[in-house]
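Written below as structure tokens is the structure these notes are about.
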Amino acid sequence: MDIGTIGGILFAIGMILVGQALEGGHVGSLLQLTAAMIVFGGTIGAVMVSFPFHEFTRGIKMAGGTLTHKKSDLQKIVEQLVDLAGVARRDGVLALEQRLPELKDPFLKRAVGFIVDGVDATVARDALETEITHEFEEGAVGAKIFESMGGYAPTIGILGAVLGLIHVMENLNDPSKLGGGIATAFVATVYGVGSANLIFLPFGNKIKRKLTAEKERRILIAEGALSIQAGLNPRVLREKLLAYAGLHGLPEPKKE
Amino acid sequence: MDIGTIGGILFAIGMILVGQALEGGHVGSLLQLTAAMIVFGGTIGAVMVSFPFHEFTRGIKMAGGTLTHKKSDLQKIVEQLVDLAGVARRDGVLALEQRLPELKDPFLKRAVGFIVDGVDATVARDALETEITHEFEEGAVGAKIFESMGGYAPTIGILGAVLGLIHVMENLNDPSKLGGGIATAFVATVYGVGSANLIFLPFGNKIKRKLTAEKERRILIAEGALSIQAGLNPRVLREKLLAYAGLHGLPEPKKE
Amino acid sequence: MDIGTIGGILFAIGMILVGQALEGGHVGSLLQLTAAMIVFGGTIGAVMVSFPFHEFTRGIKMAGGTLTHKKSDLQKIVEQLVDLAGVARRDGVLALEQRLPELKDPFLKRAVGFIVDGVDATVARDALETEITHEFEEGAVGAKIFESMGGYAPTIGILGAVLGLIHVMENLNDPSKLGGGIATAFVATVYGVGSANLIFLPFGNKIKRKLTAEKERRILIAEGALSIQAGLNPRVLREKLLAYAGLHGLPEPKKE
Amino acid sequence: MDIGTIGGILFAIGMILVGQALEGGHVGSLLQLTAAMIVFGGTIGAVMVSFPFHEFTRGIKMAGGTLTHKKSDLQKIVEQLVDLAGVARRDGVLALEQRLPELKDPFLKRAVGFIVDGVDATVARDALETEITHEFEEGAVGAKIFESMGGYAPTIGILGAVLGLIHVMENLNDPSKLGGGIATAFVATVYGVGSANLIFLPFGNKIKRKLTAEKERRILIAEGALSIQAGLNPRVLREKLLAYAGLHGLPEPKKE
Amino acid sequence: MDIGTIGGILFAIGMILVGQALEGGHVGSLLQLTAAMIVFGGTIGAVMVSFPFHEFTRGIKMAGGTLTHKKSDLQKIVEQLVDLAGVARRDGVLALEQRLPELKDPFLKRAVGFIVDGVDATVARDALETEITHEFEEGAVGAKIFESMGGYAPTIGILGAVLGLIHVMENLNDPSKLGGGIATAFVATVYGVGSANLIFLPFGNKIKRKLTAEKERRILIAEGALSIQAGLNPRVLREKLLAYAGLHGLPEPKKE
């Protein structure tokens, strides 16, 4: 589990509420159904207009991905590709077919499949790169949906505050209600600014970071597979892939 | 119909008005002709100055496109192109001429027409890519017009508020009218911020998303047609187009 | 004449002033020499520091271009280029020399001149593209000057407002002048925000749109001329240029 | 001398102060040592943290360059290069060695030196382009330092205002000092917004414009020298360089 | 030690506090635990959600790098590479193996190692450039974490201020506490705006500048090594590397 996502939100909201409580503020005065309706209703509506519906639902689902943590397996992939390069050098690329069932990662499987099928190198590179870009951009829409919510929420929060102030201004003749009315109006600002800065924008950014990591992982696989097809020396391949993986300084495995 | 566009606007405005009503505010106090004249008159005028007139009218017309929903037919296009590739392989590219009348999509028709006419591959690629880019950029101007309105509306809303406050300040000697005057001034802000965040910016974004989808669809067609011309194996073409369409994992059709 | 530029400004300012008048505000209270001096003096000064003097004067002159309207002649240019391609095919590129005097557009003349002079294709492409880019970027500086004014004006308007408020604050002991003083201070904000959103930013954008249209027109001419030099078939050239001009669907002229 | 830099600042500040004086404000109330310490001390400190020290000092020194004006010599350079191309054509590239002492511009000298030394064209292009890019980016850091100051100054001005308001709020019990205290607080905003918009941002922009002009001048020289090395015809070279210099329409010199 | 980092922060905060003190403000009133909890707790939490945990910790660690100063050794590297080029020309590239132990810089060692190992030039360039890009982008994430904090801190500071104002508004019936309450609320703004502009954003920028310097240093090494492999003349190499290092005008060393 990605402790940063849950932990970060709890830490941020906790610190803010404790700070507020120490100051003597009542947390209860921050709970207002109408402000929540205005800010979150407006934000969700604006995003529904902004994106086609299937992109909207996909983006919301991607929020779940920010909660899970996948351990980096770049080193394992490098060794796997160097191993496959050794097989290809010794026994020819067709010998890779027997290794296909061992390969768990579907993208690696498809890349090695291209080699075994004898697909032309240019076509293989084009197909692999297109898939990487496509997958990344499709995911990036998910990140954009959260960034979009992070952009709408504070302005709709201000909209809610102005609506509240209009209401207050119309009842200026009862000054005793003045302060409470303004306080209520400000809660919409708190919801808008708070949700944007503690949830929406951070979620959008984390989705993007995870997509970037996955993209780099796939570029590593694609470069490895295409280099195997080109008959690159396993030793040189290892050096090259370590550069791609950003793993220089890694000791060589003993078995080689 | 794209339920997100209409549904999103209704949802957002509904939630905001219900929230406001629950708070005890009168929706009637948000209806002000003069504020609307200032904000929307100013915004429309600013956009008319910003863009040549034919771009302005085209952009406004494109708003209609955000209301319609076109089901994705990428899978059908892939199968169609693989089918045409089979024909070209079996019977030569000239045999594609008989299939031209079946092709409904005008862009697909033009692309296959290039193959039949024996247009040089470089020229064909150049013409198809230029048309894709041109169409996209022309549409993007429509999106920009809405983004532009989304940029002008809040500042002109603030302009309206300041104008209202100037009026209020000049009549400070009658405090009983003070609150109402300020409330009126704030309505311009509500119109500006609200229209920008619930209509203009979301419309601009949705236009852009739909243009992007159409652009990807055309790139798929262009890549397919050019690969057919280059004599690519239908099986490899299918794999390649699935990557372009982002449809990996799709089962192969039975008939092949 | 470009009715959008003049019409848009009149429409925007008209709607705002009528709205303001309906609300009971006096337009006269918006006329303040000192606020105008601060906002426009400060803005012009800031732009004079920001750009070399010859760029500043050129940018100001370009404002005139936003008032004129040039009808698109892309279709005529396509037919003219296809016609020249026919001549070159029939009678050789040297035969184009006789057509040179007919060509009114100086850029088209220069491009065809390169063909007649037998300038190497790479050199011709380089020179034509460099001229297009250069002309565009030089004009873009004009657009940037207006964008720059649109950026400085609102902040200097706020500067004027703060200066006015400082003055008001120092005379708090005479409350009767308070409201009027604040109103005066706010006029600077109105000038800054209004001029930026109704004049400066829209002018900058329209200059950019007109430059883009001219750039596309020249790219069409350059591509056409270079294709003629390369001996492209007039029929294929027509198809290609229609893609560049974004004119697909145009019926073929009868004479061919 | 670049009259725009000094003239623009004097004009802007003059108009603002005269406007303020006409309104009845005392210029003296804008002179506050403590506000200046907070705003400029904070801004300079922030920029010192933001950039390595040698970049900071170089950026400050570049401000001097915005005061000087260098007349454009593009036309002279074009004729000089065309002249050298004639020499190279007639007498061979080695004959250029005798012209080296005449060349005043160090970059032109180095470029022609490469031709005389018989440096490979690819290496020469790489070295010249690298030097152009390097020089430009190094200078761009100077522009960034002023943009950075223009970004920090207004926010630190607001920081100063808030600090002043905190001080005022703590002494609310003495209302007679209220106005003066707030006025003092606002001076920090005036300093921050004013220095950013009238000095820092304009300086940054002018440095960038001057760097761009110098970059274009050097690209002209590099393209000219490399074309001479490639043995381009002087007439065609002239046409090409005029495109690079944006000088089309210039009459041909009589002597040729 | 990088005196700019520590010196700049001390200078900025010192000037601000002294200015505040001269104005009669109590520095003590700026020390508030609850405001600090809200602003920094919220900011740190938001960044923890925004970035994967290992990136967050790496970014925080990179702050240390802004305090250290590494003297530029570009000139020494140029001479070292020219020297190696001489060896390679005289005795063949294999002779470089004896010089490997002398090379302290691990990147230079790896680059020269590629030459000695006879790695194909395209593969070597790819591996070296990939490593440079990878290292730079990994470091850039560290800079982004500080920029991210600089983006969250002021808005969370405003959140803190609004929370404080809500608290104040609810207690309007006790005007004597009004001023102090508002002052307390403003301290959160001071913390947010101050930390962003004096620490977070400047740190992010300095990290980026240092990464850029290191990137340029490595590009110099990579270009040098690849040129040695290509057998470039040491004299021409020197000229080329001086362009890359931006060191033109440097006198030639005596020994050559």
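Here the chain labels run A, B, C, D and E in written order, and each chain numbers its own residues starting at 1.
Here, a residue touches a chain if its C-beta (ideal position, glycine included) is under 8 Å from a C-beta of that chain, and two chains touch if they have at least 3 such contacts.
It should be emphasised that the depicted structure is a prediction, and the values quoted were computed from it without experimental measurement.
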(request) Hop across touching chains from chain B and tell me the fewest hops that reach chain D. (result) 2
(message) Angle of the rotation mapping chain B onto its copy chain E, from a C-alpha fit, rounded to a multiple of 5 degrees, please.
(response) 145
(message) With centres defined as the mean C-alpha position, give me the chain B-chain C separation in Å.
(response) 24
(request) Return the distance between the CA-based centres of chain C and chain E, expressed in whole Å. (result) 39
(request) Could you please specify the touching residues of chain E with respect to chain A in the complex? (result) 33-35, 37-38, 40-53, 55-56, 110, 114, 117, 119-120, 123, 126-128, 130-131, 134-135, 138, 141, 148, 152, 155-156, 158-160, 162-173, 184
(request) Show which residues of chain A lie in contact with chain E when the two form their complex. (result) 2-5, 7-16, 18-20, 22-26, 29-30, 66, 69, 154, 176, 178-180, 182-183, 186-187, 189-190, 193-194, 196-199, 201-203, 205-206, 209-210, 213, 232, 236, 239-240, 243-244, 246, 248
